[in-house]
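You will see chain A twice below: alongside chain B first, and alongside chain C after that.
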Partner chain A sequence: MTLLAWAFLVLFAVYSSFPFIWTFLTSIKQPVDAFALPPVWLFDPTLAHYAELWFERGFASYLWNTAIVTAGTVVISISIGAVAGYALARYPGPLGFWLLMLALVFRALPRMAVLLPFYQISRALGLFDTHVLLILVLVSINQPFTIWMMRSFFMTIPADIEEAAMVDGCSRLGAFLRAVVPVMWPGVITTSLFTFLLAYNEFLMPLILTATKAQTLPVAISQFGAEDIRFWSLSAAGAVSITLPIVVLILMFQGRIVDGLVQGAVKG
Partner chain B sequence: MARIRLCNLTKRWGQVVGVNNVSIDIADREFLVLLGPSGCGKTTTMRMVAGLEDPSAGEIWIGDRLVNDLEPRDRDVAMVFQSYGLYAHLTVYENIRFPLKVRGVPASEHDARVRRAARMVELDGLLDRKPKQLSGGQRQRVALARAIVREPTCFLMDEPLSNLDARLRVSTRAEIKHLQRTLAVTTIYVTHDQVEAMTLAHRVAVMDRGAVRQLGTPTEIYDDPADLFVAGFIGSPAMNLIPGDVVGGLFRAEGVTARLPGAPFDRPGVVLGIRAEDLRLAPEGEGQIRHAVYSIEPLGDSTLVNLRPGGTLVTARVAKDHVGTSGAIVGLAADPARLYLFDARSGARIRRPDA
Partner chain C sequence: MTFRGEWRWAGLDNYAFTLDDPDFLRSLWFTLLFCAVTIPAKILIGFVSALALQRITPTWRAVFIACALLPFIVTPVVGTLAYSWLFRDFGIITWLLQEIGITIHWLGSDLASRALVMIHFVWHGTPFATVVLFAGLQSVPKDEIEAAIVDGASFRHRLQAVILPHLRTLFVFLALMMVMDGYRVFDSIYILTRGVNGTESVMMYNYRIAIVENAVSRGAAVAVLTVIGILVLLVPFLVNTWREQRGLR
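Here is the complex of A and B:
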């Protein structure tokens, strides 16, 4: 039984990671091998594509754009999400309910529906192709999610501990800072990670709203080497490079993520 | 140490009245229990004293200060919550120390005070643990120590025992009573459990639907209930309440005929109240209540004999060695002086001046 289970799990792991393995192999193949049919499994590996990516094609500057946009999006939307989520968790009522519903409606809007207005407004305001624009847009797209997630997280923190702190000698704000803030980090970290992934991987918005200065990695990679035969290998090298930070991040925080996700589900 | 006065305290949320015109004068060092079913306003009353809820009307005095407009932290009260309200990220030691820290008590005093409070509730060995490593009873003790360490003018306890299992509840109850008498701090204690109220209180305020129905010592509310609600709420098993009519000084209901003390009178629509322990088995053919036995419940220290005349359950507490059979006709008798009479409509106690 365990053997069967293991066999299934290994098979499933290979099945799930196959696209990534294929991408990785492509990234260290010569273009001629990359295009070979049937696929070549034995070849002379090369790091030439990585070198070209980093040194000639300015991968670092796209990474920088992505980093700024992602960090800005995470910091702003978590700050707003934490404050709003806390308020909605502690002061429910009809207004809170309708605010949450409204947030859900905005979340449900297809991005295509807001793309053109974003484009025109950004042109009109002179924000086109800037980090600020991307941050603003991604925050607005992501905000409903962070509010909802932070709210459900705050709801698992009993109001009792704040009241206890207030009776013990804290002001209203002091009770929040001393009793809630120290225990809210699992929720903040989990929500931050989801926000990070959203901003980091976002393709459509930066594709339309940037040109040269603020272009982010996912858009850049899709265009690497589009002009010739090296397209696949170069793109694959870019895809691997863009994935690694995420893998590292997830590995670092996996315990926290599970904690945070579970915390919403069952009360500690 | 302080006297606490609640004057015409009222709490409304829109049309809903949570607490209606409650006035209680609590003496210094008194242990007052607010007792009632859920939703009766007892917790809201306490939360208004704590400052966690603003009264819609009325005044709250702690000592000689009107505290209506004071923040909770400025009222010098300590509160123990039903769910303990511990700080999960702090150790037991830091939890107990927390009030001293945020109140700016000189750091040199902290250690001695924390350890003294911990010792009083027997937490000495657990000071380095986190709350989640403690049992429910230990957590409640941390909450108690955190209240004690402050040496406040008043303790507020909101159902502190209801999350504990039955055994622990009994021992912690004794502990709370001992602590309160030792520390001699005015205490308001909220519970829905009449046994807690009876055992702990100097005085009990029985509340229902936002109002105080009766305020008195445990003995007073048990022996002299002010109305039908108090009579039915206090006591286990609950007081037998039999609806019927009084004709010529004789209470009549199906299976029940009881002569009431005093001059004969007529009054339809009444409820007769008799405590189970005031009923005894009567000799053959006698007793105010005569009916077939519905069930017999031996409790170990006594036995409950249940009858159902006219569909109303009537319970008598008799000697533990009583052996009877269901279905047999028995008679139950009570001292006429131990009969209570209530108005069926208003629930008010009917007192006869000549009785």
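Here is the complex of A and C:
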């Protein structure tokens, strides 16, 4: 049985990671080697594709757009999510339930349902193809998720903490700042990570709501001539470049992500 | 009813048109088929891998979880591109299959194209099931398992009597999430096939109508129909949360 488990897992790991390993290899091959069939395993690695991508194709400016949009989205989402999540975790009235339901409905909306109004409004207001627009849109899309997740975390923090602080003479706000904020960092970090991934990876919104100035990495990558066989290596270099920040982040927070997933899963 | 002169009251015309459009019905049918094939596959592979993870040492567990999570955490567009490169006419998988005597052009027939997008969706979504179910397995009460072993229950018996009932809520949760995601599949199909060869999902159809053909009103009607479909699927979730919020009092 254990042997069977091992065999299955090895197969599973190869199946999951092979496309990425292959992409990485393609990105450091000479074009001749990249298309060779049967595949070449011994080759002269080259970083030429990375150089072309970064210095000639303006990869850095797409990265800059993505960085601004992602940072703005995370900061605003988490600020709103923390306050709203705290309130919903402590307020017992029926209104809380309906607000959560409303958030869930918005979470379930297909992107296309909100995309059309966003498109028309942004055209009318002259916000089309700007960073501000993308931040506003991504915050509004991700907010239900942040509120739900922060609420789940606050539910695990016992109300006694603030009550004790209030008995000791703190105001409600003072109790929140002095007693709750210090213990809520794990929740904030996990939620920020997921919000980061959502914003960093978003494809459809920037595809439609940007043209040239504010275009983000996922959109740019999908259009880096992936159709043409000669640009495979270049696209592969782009794929590896966009993945690196995520891999670094994941390595830093690996344990927490799994915990966060589990918590989100168990609590809904 | 007029609205600033430019908007005409269309009644339910846009809805009637959509529900009558054979393209819409075809995309709906494909989306349902897509869900029906991929969701059980994801949950099954996820469950087997979670059970397998239980049987190995913790160090190796971390390694395997890291590998398995890759398709799930990497930017979906990039993951899809990486995956699609393997399946092009000069891709390595196509070549390997050719070496063992199977020639497939993945964009050459409906069956192959549909298989391509479905295999991709399973590949991308299985890690989530693995992690959630593995986490769930950690909370199966140990004494119940031990009692079953003492009673001489086989692995299959333990599975049926203890493990599966314990994980029931998680299976429901996974299915719900996956139905929502499968119903809204867009990015991967856009990149893999652009919706040709009978792989147009409801969202792809919606995109074509609203953005490509610029028929905004009809696009909005399709979006509303999709929302209604998803809301129906959410009812079990509502009940659960209602209980949780009442428990606060």
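Going forward, the second predicted complex is superposed on the first by the 233 of 268 C-alpha atoms of A that agree within 3 Å, B and C clash if a C-alpha of one lies under 4 Å from a C-alpha of the other, contacts with A are read in each partner's own complex, and residues count from 1 in each chain.
Simple rule for what comes next: contacts are C-beta pairs under 8 Å (C-beta built on N, C-alpha and C of every residue); 3 or more make two chains touch, one makes a residue touch a chain.
The shown structure was predicted, so the numbers you read here are calculated from the model rather than taken from an experiment.
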item: Contacts of A:G169 with chain B and chain C, given as first, second, both or neither; value: first
item: Residue contacts with chain A in the superposition, chain B compared against chain C; value: C
item: Which of chain B and chain C A:Y200 touches, first, second, both or neither; value: second
item: Contacts of A:D160 with chain B and chain C, given as first, second, both or neither; value: first
item: Footprint overlap on chain A, comparing chain B with chain C; value: 268
item: Contacting residues of chain C [partner chain A, same complex]; value: 45, 48-49, 51-56, 62-71, 73-79, 81-83, 85-86, 88, 90, 92, 95, 123, 126-128, 131-132, 135-136, 155, 170, 173, 180, 184, 186-187, 191, 203, 206-207, 210-211, 216, 219-220, 222-224, 226-227, 230-231, 234, 237-238, 240-242, 244-246, 248-249
item: Chain A-facing residues of chain B, complex; value: 50-52, 71-73, 77-79, 81-90, 98-99, 102-103, 132, 143, 146, 150, 156
item: Chain B-touching residues of chain A, taken from the complex the two chains share; value: 158, 160-161, 163-172, 174, 178-179, 182-183, 268
item: Chain A to chain C touching residues, read off their complex; value: 1-2, 4-6, 8-9, 12-13, 15-20, 22-23, 26, 35, 37-39, 92, 94, 96-97, 100-101, 104-105, 108-113, 115-116, 120, 197, 200-201, 203-204, 208, 217-219, 221-222, 226, 229, 232, 235-236, 239, 242-243, 246, 250, 254, 257-258, 261-262, 265-266, 268
